[in-house]
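Common to both upcoming complexes is chain A, partnered first by chain B, then by chain C.
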Partner chain A sequence: MQPASIAAEIALDAVEKSFGNTPVIPPLSATLGAGEFTVVLGPSGCGKSTLLNMIAGLEPVSAGRIRIDGQEVQDWEPKDRGCAMVFQNYALYPHMTVAENIGYALKVAGIARAERQQRVEGAARVVQLGDLLDRRPGQLSGGQRQRVAIARAIVREPRVLLFDEPLSNLDAKLRHGMRMELSHLHRRIGATSVFVTHDQVEAMTLADKVLILNEGRIEQFGTPHEIYHFPASLFVAGFIGAPAMNLIEVEGDGTALRLPDGTALAGSAHRGRAVLGIRPEKLRIAEDGLPATIVYREDLGSHAVLVVRLGSGQEINVSTPLGGDTVAADQLSLHLPEAHVHLFDPASGQRLNVTQGQVR
Partner chain B sequence: MIENTKSLDRTANVILAVGVLYILFPLVITLVTATQSFESFLQNGFSFIPGTYLLENIQIVWETTQLPRQLLNSIIVATMVALIKCGIAFTTAFAIVYFRIRYGGILFGMVLVTNLMPLDLRFITTYQVAANIMMPVNALLDFFGITYIVQTLTGYRMNFQVSVLNTYFGLAAPLLANGTGTFLFRQYFRTLPADLSKAARMDGAGPMRFLWDILIPLSRANFAALFVLMFLGGWTSYLWPLVAASTPEMQTAVVGLARLSPGDPGQIPHYPAIMTGALMVSVIPLAMIALMQRHIVRGLTLTEK
Partner chain C sequence: MADTNSQFNSRWLPIALALPQLLLIFLFFYVPIYMAFFWSLSLERPFGGGAEFVGLQNYARVLNDAEFWKATWRTVVFMLIGSSLAVILPLILAVAADRRVRLAYPARNVLVWPKAVAGASIGVVFLFIFNPFIGILAPLNEVYPGLWQPGLDGTDAFIMLIIAHVWGGIPFNFVILLAGLQAVPQSFHHSAAMDGASAWRRVRDIQIPMVLPQLFLVFVLEFTESVTAAFGLIDAMTQGGPGGATTLLVYKIYVDGFKGYDLSGAATQSVILMVFVLSLAAVQFFILERKIRYER
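Take a look at the complex of A and B:
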């Protein structure tokens, strides 16, 4: 199969969806670049599948416009939109062989048998299914089934590839392998891809751009790097990263950010209440810093995660390289590098410090 | 079983054996009597020793009674019931499950309610309607005054008369009216992954294409099960065919079988012939069950492995 030069931009323009009187997606606008791999990430029930189904045409929009390659498609049938979809539980036709499953769309489109067979074999080769074409889905493993589903999607050479949690039925090891394959596949095929997941590892590793959805609203739309290092809101900060970012309520007096008991955590010109965020791996163990008591330690081999209690009683996570001189001690003192401190508004959850200088 | 002791096994086997005997006893009597001549039956009464007159008895039934013709009637009626029922049940379930119908739940409820109103309950009304299927139309025309208007305008009094008594349609139609099949298909469709229809839509298949290429092939076992159940229902129903068909030529085999015993109470019935008739009436449904057994079980368990 040749790389498709047909990748199309998807523009969502104030797209809205409600089921009956329940609004699921308030007006949402975003542009997914041609040929990009966009991952839609969010907690369960936030409307990821609904958004994907609206792009596919399986679910009508309540309001707004969807443009694919500049054409307004929100009123088109799925088959006319040039999208193909891979479903979470494969959705293969159980009574058809692998070859028939892959070729069904071509058959419906009335493509001659010879060409059909050639294209089915081509698609099967891309996902390394060549010798299983005569089997039925029931005789395949989960990973093989998902490959069939992917082959079925790419056989029509779609402008847009849609994935709805395609890896979540696979075990961890297989998932890693399929992730790599999907990444390679995307580079080969080049179709604009939208990939829905609630697994942040999938999002960080696969995405060109991550769209974080919360209750139907876009929390942040950016590269994995931006999402991780400049979370736009408290929601994103808490959602991305494992162990999660430490979030501490502080009060700024114009020179420093202080705990309620007055202990200074980091220097800042901020005045008023705020939520301070810092990732566990960015905390430094220093000679004369913030005193903390180790409550619990988890040795993960490559590194250790410590749960420590601050003077105010709040517990936070600290990631340290294994074998640091703190491991045996009960007490340690912490330093919060200013460049890695994130500040959020406690009421709106929006990011307060917008300095771009604090990369890495 | 949790416990696996010998004595328990033996007890279970004995209970099973008793049950089997209990069920088989009348069948054995039927079978054995059908092989005896009328003379030996008159001398010995019912016995357990098979005779050699089965073929002769079949000949008697075949040549002197209406049963062959009535068997044909039964086949036609039961097949009509089964086929039409499969068609209606499949399409209604398809509509209920795969389309967002307003009031779909209420409609399905009404379909199910038909099961609470068996034919025996609405017997007389059914008969009235069968005697003139235009009756409801006449009533409606009356109710809205159309009959009156037409009569005053043209002098013609509308009163349509179409009877389906004594027709195959009249025999089959009332037996069709229940929701079991719709329920069966609906439950089966709901066990299928919801994404299947979405995948078909993405592949460009419209509703009819989805029905034809995917749903029907997947429902084969359910069709077989429903067909057999409805065929048996049509074959064994007695009361409705008894009143809906007034001539022996239109009666079904089960009704005809009951008519084999003589009306005259003083006469000793030709039991061997009657039992032979009973065998002949049972052979077709038996053969059907034997052939379709596997599908019936699969079609009724609702879950695919």
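Take a look at the complex of A and C:
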């Protein structure tokens, strides 16, 4: 298999979708760079599959334009768009052998048998399927089916590779393996890839860029680093990271952010109500600071997650290295490093502190 | 069984519960079969009275009768053409309904209605529809006099019979095939569309292979049923005419037995017909089914 299929840029221009009267995707615009691996991440039912199907041509757009490599394709047939897709349940044709499954697109395209066989074998080699070509899908394991589905997608050397939750049917260990393989495969093939998932680990590990979707709207579109360290909204802040970012309602008086009972959490020039966000692993255990009571402790081997209760009664997560001074204690005091504090508008959910906290 | 199955304490209760059904099957299936075998080996008197064992004489007589072979030939032709149409037509309709073409939903309901109509009634209705003077094909006769004469022309009568039979077979086969098509997951259509297969190509390469089990089922049922189910239609529409053109084996048996009082001959032909149907089903099961087993 030649390493470079011609990668293509995908431009979504005010793409809209509604089923009947139900709007699923309000006008949405984004540009997915050529050769980039974009992960579309969002909760169930937010329109990820719908978006992918519109790019593939399996769902018509209600309005807007989709350009692949500069050409407007929203009215084209799926086969003309140069996309290939890997489906969640693999959708391998049960009555065809593995080789026939992989080669079906080539057969439909009228490619001669000899070349077809050569390309099928090439694609099978890429995903290490060599000796399974004569089997039926029913005789394969989940991981092997996954490979067949990927081989079937790459055999046509598509400009765009689309994945709809391809790993969600695999067990945790296999998932990790396939993640690595997909990552390698992407680098080798170089096609523009769009990968839909609701698993944030997949998103963080695979993506060049993550597109976070919520009820059809883009919450944030950025690198995994940006998404994690500078969440653009409360939704992103709460969605990314495990355990999730602590979100605390505070009031700013121009010098500090205070809990309702007046306790100062961190210094800030902000005035008025806000939601303070801080990741569990960014909280420091300090000599003197915010007093907190430990209510629950989870030892995860590499680190421990403590659930602590603040004076206001709110419970937050603290992630600490194991051992040390927290083991026996049931009281501790916390320090919130100002650089790691995120501030969000409680009404709109948008990020408030644009410049603050930009620590890499 | 009784000691491993804890649902029934008594060994006799399950048998007692199944008894009425077993009795019915015994009385109306096995007894007649036994009687037919018995009669086919003896010479029955038309008005009762002592039967005389004659061995295979009846079979020799029937198999040497040209009329028997003609009726058998008509049965085979009817079976092949009638059954194929009665499967292919519903298949086309089911594919259309599955693709949600316009009016598919009302059509789906209307198509099921014939299931509720008995064979003889279908025959009577079609007799009116195909009446050469007042039926839908009557205008044909005004343009080309004598083109449509099911009462006089054997071929026309046979065609009429097949149309009526196919019409009666549509609902069941349609429902089974549609259910099969609808069980094909959407992602297969999507996947094949991404692979570049046109709608027709998808029907051929994906949908039909995936409903092969259902197709097989309706073919087996159609083939075996068409041989005997034609009776009601023939009796209502043509009474085997004109000139014996629609005398299928099943109708010949009836005529020989109840009109000609040749009970032994009729029983012999019944046995032959039964063996024919059974071997048909057996061949289909043993040869065909082996080839279409696969997991979804």
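Just so it is clear, the second predicted complex is superposed on the first by the 356 of 360 C-alpha atoms of A that agree within 3 Å, B and C clash if a C-alpha of one lies under 4 Å from a C-alpha of the other, contacts with A are read in each partner's own complex, and residues count from 1 in each chain.
Note that a contact is a pair of C-beta atoms (placed from the backbone, for glycine too) under 8 Å apart; a residue touches a chain by one contact, two chains touch by 3 or more.
Note that the structure is a prediction, hence the values are computed from the model and not measured.
After superposition onto chain A, partners chain B and chain C are found to clash with each other. In the overlay built on the shared chain, the residue A:271 is in contact with neither chain B nor chain C.
In the superposition on chain A, A:108 contacts both chain B and chain C.
Shared-chain residue A:89: touches chain B and chain C both.
In the superposed model, A:136 makes contact with chain C only, not with chain B. In the superposed model, A:79 makes contact with both chain B and chain C. Applying the stated contact rule after C-alpha superposition, one finds that A:187 touches neither chain B nor chain C. Once the two complexes are overlaid on chain A, the chain A residues touched by chain B in the first and by chain C in the second are 53, 56-58, 77-79, 83-85, 87-89, 91, 93-95, 104-105, 108-109, 138, 152. Those residues of chain A whose C-beta lies close enough to touch chain C in the complex are 53, 56-58, 77-79, 83-85, 87-89, 91, 93-95, 104-105, 108-109, 136-138, 152.
On the side of chain A, the complex with chain B involves touching residues 53, 56-58, 77-79, 83-85, 87-89, 91-95, 104-105, 108-109, 138, 152. The touching residues of chain C, when paired with chain A in their complex, are 185, 187-188, 190-197, 201, 205-206, 209-210, 212, 294-296. Of all residues in chain B, only 193, 195-196, 198-205, 209, 213-214, 217-218, 304-305 touch chain A in the complex they form.
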